[in-house]
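What follows is chain A paired twice: with chain B in the first complex and chain C in the second.
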Partner chain A sequence: MNLAKKLSNQQENIKQPAAKDISQYFDFSRKSSTVVILIAILVVIGYFIWWLNIPFIEDIFTAGTITLIMTLGFQLFMGNSGILNWSYVGYVGIGAFASAIFSMTPAVKTMQIPTMYPFLINLHLPFPVALLAGALVAMTVAAIIAWPLMRLSDAVGAITQFALLIVINVMLSQWSQVTNGPRTFTLGGKRLTTLWVALGVAVLVIIAVYYFKESSLGLKLRATRDDRYAARSSGINFVAVRYCAYVASAFIGGLAGGLYSHYILSITAASFYMSELFMILSMVVIGGSMSVSGAFFGTLLVTLLRQFLRQVELFLTRSGFEASGSTEIVVAVLMIIFLIWQADGITGGRELSWRSIKRRLPSGSKKRNKVLKNKKQEEKA
Partner chain B sequence: MNAQILLEFAINVLSMGSLYALISLGLVFVFGICKLVNYAYGEFITVSAYVLYFLGVFTGLPWLLVFLFGILAGVAVGFFSELVAFRPFRERSLDALLVTSFAVSVILQRLFQLGISPRSKAVPVPAFFNMNIQILGVITPLRNLLIIGTTVVLLTVLVLIMKYTTLGVAMRGASENFVTARLMGVPANLMISVAFIISGFLAGVVAIFWSARTGSVEPMMGGTPLLIGFIAVVIGGMHSLPGSVVGGYVYAFISNVLSLTLPSSLLSFRDAFMFAIVIAFLVLKPEGLLRGNYQEERVG
Partner chain C sequence: MESKSTFSVKELNKSFAGLKAVDNVSLHLETGEVLGLIGPNGSGKTTLINLMTGMLDKDSGHISLDSHNIGEMPAYRVPFYGLVRTYQTIRIFKNLSCLENAMIGALGVGTKHREAARLAVGLLEELGLGDKIDLPAQSLTFRDQRLLEIARALAAQPKFMLLDEPAAGLNEEETDELLSLLKPMPHSKKIGIIIVEHDMRLIMNLCNRLHVLNYGKTIAEGKPEDVRNNPEVVKAYLGSAAS
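And then the complex of A and B:
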């Protein structure tokens, strides 16, 4: 397999001298350019929107950035392991509720959720610590239950994760002493997840997810995705590798959940179920589940599309048509079309890197053609 | 008195179990042939239920014809969804199929919401369905006995078809090993179409009894039977048709026992317990209660 080859060549690649070219400043390790480009795009858009200072657009961007963190965490496990991870939104929910409980003041808690356990009421942490603590709770839950489930692949793996999502959802929606049961859980206070908070976390998560994928652990995981048996016979303990990725993915999910609850300020267990999962899944599938760039551009594209469709929907509803829900239909049809004709998404499963951009540029292709011509001439000679 | 409670319990388990057995059988037929866990199966049931609702409310057709059209609607939606959405993926990965069936399910749900109504509609049921009858001192609605009878008849017919017709033998061959069956001259498209048609047919039958029990139809109603089907299939064994039937009855038994024995404070967590059992089965006994003849690699 290609990946197995890569694994063995990894050591040699590092020792190779860097190409002496102006572009080496952008190409400082072909791998890092992806991260730089993605972060640059995000920060430039974010800065521009902050400068525009229109609350409506700022809200869309902040929500979109939180969704980006969710999709990146989802891609971390699903993209690299090839297992459809339904339970992911469950961890997002756990993170959302846990961090909200940590950050709310005891006075607000007694007022909003009178049924809550006394020891939870007295817990109070500052927002950044609460965010981390919420993510740690989600991670701990994943760490406790995930080990035996990691053996299961394909349809069985997917059904297990599906069952797990339902277990988590029932817990979230029925445990009145913690999550206020099926009723709305209102955080009170002002919105703590601002544009810059979401952006900052997203930058960190892009770095983490990308370097996880490129690390030896990520490489091993991708090898198990491509061929379980070949990977196993190369000495990869696929349960352990999957376990690490799953737990890490739950951590990022929890983080995104915490940001979400401090952005939206009132949550219910139903906000972390099928429709949320469908949204994340559609982004990852349309962008290309195998690469971080895929998750990034999928989020960008689907968020824009959804906002556009929502406006159309609102317009139609105002002019008297019943149109609510048509956004999901369009996205679902688009997803099926992508799966049929472009199963690896718009990125084709590859990462966007400086080299891939250069290849597209006219000067780059000229140079490449020259090299190719020279080679051909050499062959002829 | 005790014997009466026991009989009541038995009737409940048998009638619910029969319904669940039909649900899981519909799932397993498709899973057996093309290894697709069909998330859109619940929506097949919803389509049939809507047809029952429309014909029952807006036309004066006799109920037998209404039922027939309801079942036909299930067959049609099964057949056409396979043709449009699943056939292009035949050679693709299982994950692509799974994601597609999820997308099909979302599309159908939203279409019901848009085209019909997001609120639930009352489905007319023939009067004799809800007529109470008395057996040995236990009072139960007639539909509970009807579903048991229907299931027995359907299962007998299916067993006869699967055992003694060429089509049945080909189907069994294809579900054991699709590639080898094709090499033996079994037409792949036909097998998959038939699997979806049978699945749709069972969905139609389920829709009749499901909507008779709940009395209504709404866009999201497919969710619950789908989940029940999942549990039953996993418990019984995903690779065996009899296994899925057994799974349906076992599920009904466990769920009734849990309803009776769980303290009321934990009763709202019943679904969590059921799915924890599913996870335990998948981890500890992945082949289910009944093994199929052919075991595909499932662990690892």
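And then the complex of A and C:
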């Protein structure tokens, strides 16, 4: 009896499959090449532009890099959860105002915004700390209000986010003791967001957003995007995973806002509203909302396109044609075209990786052709 | 020596606007067993699975897995106690790769990332999807999507698995293949399976016991041979299928 049991136990032990070697699924090409490629592209362009030393181009790059941080934060939530997050620019605005209030000297604040609460006037933090604190304020606001909203999906979810954006916008534009109300909020002093500051933060954000997507949490969130019910019966609380991403996304939005206000040096609540959301959205959609590479190349492409169109617009206006606003129209139409024919954007929702590049290289396709040829010959034989 | 787990459902009820979809159903199952849940279209099989996994709120009744009262838990807690399911209408994560799809099953119950990948790769190879690990799930054939859903369920290392018509849409050959994959699982994985199917060949070859529903009520249960010859079952189900 005992012996028989022992024997059957032994047999079972033999049946146990050996531990799988899964290192190939965690190698450099799969796990890190995307981040390295994106950062390399950004740094090379940045370095080249810095070396050129033409202020006009340097400004375009710095502003574009700040926009990149915005789109990455936007992609973090929308791309992984599938919910159109209108309120995102609201958090960008909160970060912009909050970090400015933290970093300005009491003397400047008294002069620029006489209505401000005295305790805010007396606050004064060094720029990097103010930037982080501003992002933390945006994140805290999101953390306080988001939980009940995370239940809502699809159209209802998007509509709620839209209403929330309006609430945030009205707060920013009416709270005179904090944001100077509808009047322009001028930071004074010199531009603190330089090319290298924006670039440095962008590098960190690329890393954060990509590894979030690849983490267990990010994977769970992507599962809820594709099928909420299957995710639920696999053990995923979709409200909780969405909440984490939403709060993280608000943090990155706030960070981008802080960089923006210390770059542009005068802001109003209207700087963080529909047209800004539209710009971010068009970049993410055209690039492909489901991947970090999509947000990256979408930003690159649309930024270049907008600069080009703006020049055309200027030229036309100077030569007597009424062309203002045509940039917006072209970008909007392009977005519509993408949504109809290529809803996953130029990246098709995939990441650019070393593997995907190798496959496109002539040597890679040669190898493939060889394999195909061999197969065909085998079939013939 | 070997510890068995028990899944049991007692006096479960559910109505949809007056229609009794599940009417006082009780059943139980131990690990290592396969229970076939059969009945004509609309007899409440899917509703019963939805209730057992917490995807639908029951009107009354008890659902327990060993000493855990899983009937009172939100659906996303249920897999943690060892109960997983698949869907009649395939529900996969279409933009995720096969590997990621299967990993979700393990990650969902708190398995660490690497370990989840290891489990997922093993299961995908076992179910014959080893060469499709990197493909997005939406590019798979119907058959492979069904198998992927089973891989995801198994990745949670469950004690019980509920399969809702896993052979629906498969041809005869594919169904045989599915049968040969499922057949050893109760023993090799020490799980209990409840399978809903209209394909009687699959049911008769796989199940230790059958449970027959009609209009939400249990009309027969027991050994497959006995149930097959039960006149009420013949009238309600087998008769209509044979005609």
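Here is the rule we use: the second predicted complex is superposed on the first by the 340 of 381 C-alpha atoms of A that agree within 3 Å, B and C clash if a C-alpha of one lies under 4 Å from a C-alpha of the other, contacts with A are read in each partner's own complex, and residues count from 1 in each chain.
Simple rule for what comes next: a residue touches a chain if its C-beta (ideal position, glycine included) is under 8 Å from a C-beta of that chain, and two chains touch if they have at least 3 such contacts.
Source: prediction; values computed, not measured.
J.: Determine, under the contact definition given at the top, whether A:Gly257 touches first (chain B), second (chain C), both, or neither.
T.: After superposition on chain A, A:Gly257 lies in contact with neither partner.
J.: Kindly classify A:Ser233 by the partners it touches after superposition: chain B alone (first), chain C alone (second), both, or neither?
T.: Touch partner of A:Ser233: chain C, not chain B.
J.: Just checking: does A:Met290 make contact with chain B only, chain C only, both, or neither of them? Give me first, second, both or neither.
T.: So A:Met290 only meets chain C here.
J.: A:Gly46 in the overlay: touching chain B, chain C, both, or neither? Say first, second, both or neither.
T.: After superposing on A, A:Gly46 lies clear of both chain B and chain C.
J.: Report for A:Leu84: first if it touches chain B alone, second if chain C alone, otherwise both or neither.
T.: first
J.: For A:Ala323, select first, second, both or neither according to whether it touches chain B, chain C, the two together, or no partner.
T.: first
J.: In the overlaid three-chain picture, which partner chain does A:Gly298 touch, first (chain B) or second (chain C), both, or neither?
T.: So A:Gly298 meets neither chain B nor chain C here.
J.: Looking at chain A, does chain C or chain B touch more of its residues?
T.: B
J.: A:Gly345 in the overlay: touching chain B, chain C, both, or neither? Say first, second, both or neither.
T.: The answer is neither, since A:Gly345 touches no partner chain.
J.: Across the two complexes, find the residues of chain A that touch chain B and also touch chain C.
T.: The overlap between the chain B and chain C interfaces on chain A comprises residues 229, 232, 238.
J.: Which bits of chain B are touching chain A when the two form their complex?
T.: Going through chain B, the ones touching chain A are 31, 35-37, 85, 88-89, 92-96, 98-100, 102-104, 106-107, 110-111, 113-114, 118, 227, 230-231, 234, 238, 268-269, 271-272, 275-276, 278-279, 282-283, 286, 298-300.
J.: In their shared complex, at which residues does chain C touch chain A?
T.: 1, 53, 55, 74-80, 84-85, 87, 91-96, 99-100, 103-105, 107-110, 112-114, 116-118, 121-122, 126, 133, 149, 152, 156, 188
J.: Can you check the complex and tell me which residues of chain A touch chain B?
T.: 82, 84, 148-149, 151-156, 158-160, 162-164, 166-167, 170-171, 174, 228-229, 232, 238, 278, 281-282, 285, 322-326, 328-329, 332-333, 335-336, 339-340, 343
J.: Going by the contact rule at the top, pick out the chain A residues touching chain C in the complex.
T.: Going by the criterion above, the answer is residues 5, 15, 17, 19-20, 22, 25-26, 215-216, 219-220, 222-223, 225-227, 229-238, 290, 349.
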